[in-house]
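Residue numbering begins at 1 within each chain, and the chains themselves are lettered A, B, C and D in the order written.
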Amino acid sequence: DPQERAFQERIDAGDKIEPKDWMPDGYRKNLIRQIGQHAHSEIVGQLPEGNWITRAPTLERKAILLAKVQDEAGHGLYLYCAAETLGVSRDELTRMLLDGKMKYSSIFNYPTLTWADMGAVGWLVDGAAIMNQVPLQRTSYGPYARAMVRICKEESFHQRQGFDIMMKMANGTDAQKKMAQDALNRFWFPSLMMFGPSDKDSVHSAQSMAWRIKMNTNDELRQKFVDQTVPQAEYLGLTVPDPDLRWNDETGQYDFSEPNWDEFFDVISGNGPCNTERLNTRKQAWDDGAWVRDGMLAHAAKRKSQGIAAQ
Amino acid sequence: MSDGLFQFLLRMGDNTLVLGHRISEWCGQAPGLEEDIALANTALDLIGQTQMWLGYAAEVEGAGRTADDLAFLRDVWDFRNLLMLERPNLDFGHTITRQFFFDAFHVLLLTRLQASSDARVAEIAAKSVKEAAYHLERSADLVIALGDGTDESHQRMQSAVDLLWPFAGEMFAADDVDNAMAAAGIAPDPASLRAEWQRKVDQVMADATLTLPESQFAHQGGKTGRQHTEHLGHMLAQMQWLQRAYPGATW
Amino acid sequence: DPQERAFQERIDAGDKIEPKDWMPDGYRKNLIRQIGQHAHSEIVGQLPEGNWITRAPTLERKAILLAKVQDEAGHGLYLYCAAETLGVSRDELTRMLLDGKMKYSSIFNYPTLTWADMGAVGWLVDGAAIMNQVPLQRTSYGPYARAMVRICKEESFHQRQGFDIMMKMANGTDAQKKMAQDALNRFWFPSLMMFGPSDKDSVHSAQSMAWRIKMNTNDELRQKFVDQTVPQAEYLGLTVPDPDLRWNDETGQYDFSEPNWDEFFDVISGNGPCNTERLNTRKQAWDDGAWVRDGMLAHAAKRKSQGIAAQ
Amino acid sequence: MSDGLFQFLLRMGDNTLVLGHRISEWCGQAPGLEEDIALANTALDLIGQTQMWLGYAAEVEGAGRTADDLAFLRDVWDFRNLLMLERPNLDFGHTITRQFFFDAFHVLLLTRLQASSDARVAEIAAKSVKEAAYHLERSADLVIALGDGTDESHQRMQSAVDLLWPFAGEMFAADDVDNAMAAAGIAPDPASLRAEWQRKVDQVMADATLTLPESQFAHQGGKTGRQHTEHLGHMLAQMQWLQRAYPGATW
């Protein structure tokens, strides 16, 4: 197909694809799936942190967490807007999330159980997210790439805040140190899972990489994350919960254990610790909010017709 | 005077702390993404204002306590917020109506406090008043839109107005603390804000096609601390958990 | 009316009136009002204490409070049964409560704000209730009198438990003493109001006393309560919040201030601190429970018809 | 062994403590007066059992702690209750279905524990088993009545069964603590209770016209303490408030 060839040539040349440009159906479909899933992750991702806003230990920590959660909702907004340029509305995407037809990042199906989890989420989860997102600033689809630029700036700020919480905990009382270690124990492998299954088991990878809507392989990013994070854990005086973790002089990288992929597929398929809670919370919010959305639309329509009548 | 000023500052800071807490409970659960963002932003502003008011309160008290000590280590009886602000969120209509009643009061109060004889009070008010004005613009618009929306949204907003109205009067009830603040030129007599507040509320209610109840009964006991509602204790159990469970830790 | 005269003579002779006996409409109506109101008070009265069950400070205190609340629901049950003998169903009475057509004791419209309130409610509120209830064991209506006998036994137990909480608080830390005093400050006058307005302002008193469904005047009982309670407060080292309270050697009683009757009528008319909350809680419970009640009835009907079919 | 026994006793006591707390939240809010009484009674039994289990746990630990210390001064990670029991009550159907799944297990376990090689365990079990049997009779009857009631009650009960089923398996998952208890004759291997539990549940489900989901997936992490749900922390913030806020006071 000459159209497809021309399209691929533009991408190979580093051109940005814009909403009105021709694009293959598969490109559009994959992008919608990927951007939608990313947007949903920002929205659902508010919940594990929201769980601690009302119990934040100081006014400053409460303010920082509120600002972070607000940023995440903002990221969701950018991403839904980027997805809308592909011809799918925010309401359609939301409906697919609530019907279980679209996913969000599995990491948010893990519970936040102590204040140290606010540190671990920032440090590990945002850290892993950034690994994924930084290269996506150069993705081939213009609106997506531009959303990523804005998002990455804020995410790295969040990651530093998370690390700062971990520092305070790791240098705190015995109980705080215990919380910090416990948080690392629970979030380490789920964070590694955030990069997806090993490349050999990954479905869409090759085509997505050719289209530049995926910039690196899952294993590459996971390795990079481990190499970056292990020294940080050491700096904190915490132990990564992997007995087989060790520095490999030959490769110049860390060797580490694979996460339990059975658990990963369990969580993906709905059996994570919080899948039901998270989705029910969002469904409830959507259903409870229906009268508000309807009311605002009705009022806007009245105002509009009054405006027309007055002309 | 210094105890009066301390009490006054607690009232200012507890109002923003307690309302900020309630608003933050909406996190991830608002009717839409724009509302989620706006509510988080409102809560953030209120917590920022709390840091200033309670920080100054702690200084005035001079007992070596910090803003965090005041927020996280007092029990119900020492809280000085308005009863209205500690009420549970109920639905979005109730949350927004409460916000509107308070914002309309807060803007008037902060505007006047910019001319306080106490320079620190004037300074904090000046920093807060723009945020409050923005909150008011937003909550008033929402009250109008939802009051004048569908039958259901109208009915829900009217219920919220009916339920909250008996809690509005406490904002304007003056006591010895208020009289001392007024005499010292630190803060206006709250009663002096009522007429203008009422004008604003009447206008928004009219645009929203909503009706204020006729009763002038006003619940009391929050700003004096004499008798809070049962809701505050539950809020504090959550808010103060970490500080209570791990005394002396830094976070 | 000779029938009414004969009825009054039976009452004067100390006879018990039983459900199947003839009785004047006014007697029946007044009893329904009084017993219903008393039953509703037991039910609504669970709520201020229920507010602290989940925060009780020790396992033993939690158990004692649970037992107390269970007793109160039981008292409600006895009383609804007594009312049913007068031809009004529990559902009808409940509906009247929820529609605001029947009252419950105004004391339950005050909030319970600290653990000491669990003491104050037991000591003062149950104490005042007992003052009212002990004479009602001799009331003219048989089922009511018998319900009262059972209730009084348990109530005096509750009162002792409340006093025991107050003792622990009054002999505890400074904060506990402060809580105890604060609870007495808030509950003193509302407890005095529990006996109703002064006799001269009380509507139904004379006829009710003739019928022996009211055994003492409001002022008599209030005085008796003050005389009993003030020495207990002194024993606890607490100050009754009445600057005009003093022993009167002449009368052999305490002189004390009247409660603020404006507040009393405010609370009665719906403006108490918790009227809306209490009634909404009960309405919510009733509405949320509809499917359960309907389900149980439907199942019972099926079982019954299966039983008939099997015969 | 003594740490194993301590862990086992925490599991027993935390189960009754946490479920007792949840049930007590119904106070004054049940669907009818008889249910209010029965729920308060169930909670009361469970708290009584908690006193015995945690009292013995504290003795076995030998660190000078009391049952109250264990109940009111541990944080989430030290709790050893089943995840199912810390879940929020949701509607009455969910509450009763959870109760039934647990009661059916509890009766079997306590029955076996009466023959424990540890005399104190046997004694506590003997005191508790009659209460548990009564709870089971009641919860089973309610599950049947509501499953076989109206369309709405059937549908609500089926939803509750579907939601709770993935939490049932944790009751029967054995770990090192269970193996040590079984080897010492202190407690049965929980897996050995499963078949009889399943028979009881199948029979009640059949009478209730309800269907168990086919999935055998089971959430884990409560009885080991590795990973509770987010709900437990909120429960503890409330349950432990007074002890945390006023350390050292007696009540």
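Here is the rule we go by: a residue touches a chain if its C-beta (ideal position, glycine included) is under 8 Å from a C-beta of that chain, and two chains touch if they have at least 3 such contacts.
The structure presented is a predicted model; accordingly, all values stated were derived computationally and were not measured.
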Common touching chains of chain C and chain B: D
Pair joined by the larger number of C-beta contacts - C-D, A-D: C-D
Gap in Å, rounded to a whole number, between the CA centres of chain D and chain A: 36
Gap in Å, rounded to a whole number, between the CA centres of chain D and chain B: 42
Inter-centroid spacing, chain C versus chain A (mean Cα positions, whole Å): 56
Sequence positions of chain A contacting 2 or more other chains: 55, 175
Shared interface positions of chain B, touching two or more other chains: 75, 233, 237-238, 241
Graph class of chain-chain contacts, one of line, ring, star, complete, other: other
Pairs of chains, among all present, that meet the touch criterion: A-B, A-D, B-C, B-D, C-D
Residue ranges of chain B touching chain D (in the complex, touch as defined): 75, 233-234, 237-238, 240-241, 244-245, 247
Contacting residues of chain B [partner chain A, same complex]: 17, 20-21, 24-25, 27-37, 40-41, 43-44, 47-48, 50-51, 54, 67-68, 71-72, 91-93, 142, 144-146, 148-150, 152-154, 156, 238-239, 241-243, 246, 248-251
Interface residues, chain D side, partner chain A - complex: 75-77, 163, 166, 215, 217, 219, 221, 226-230, 232-233, 237
Complex contact set, residues of chain A against chain D: 48, 51, 55, 110-114, 175, 178, 182, 186, 266, 271, 273-274, 276-277
Chain C to chain D touching residues, read off their complex: 43-44, 46-47, 49-50, 53-63, 66-67, 69-70, 73-74, 76-77, 80, 90, 115, 165, 168, 172-173, 175-176, 281-282, 284-285, 288-300, 302
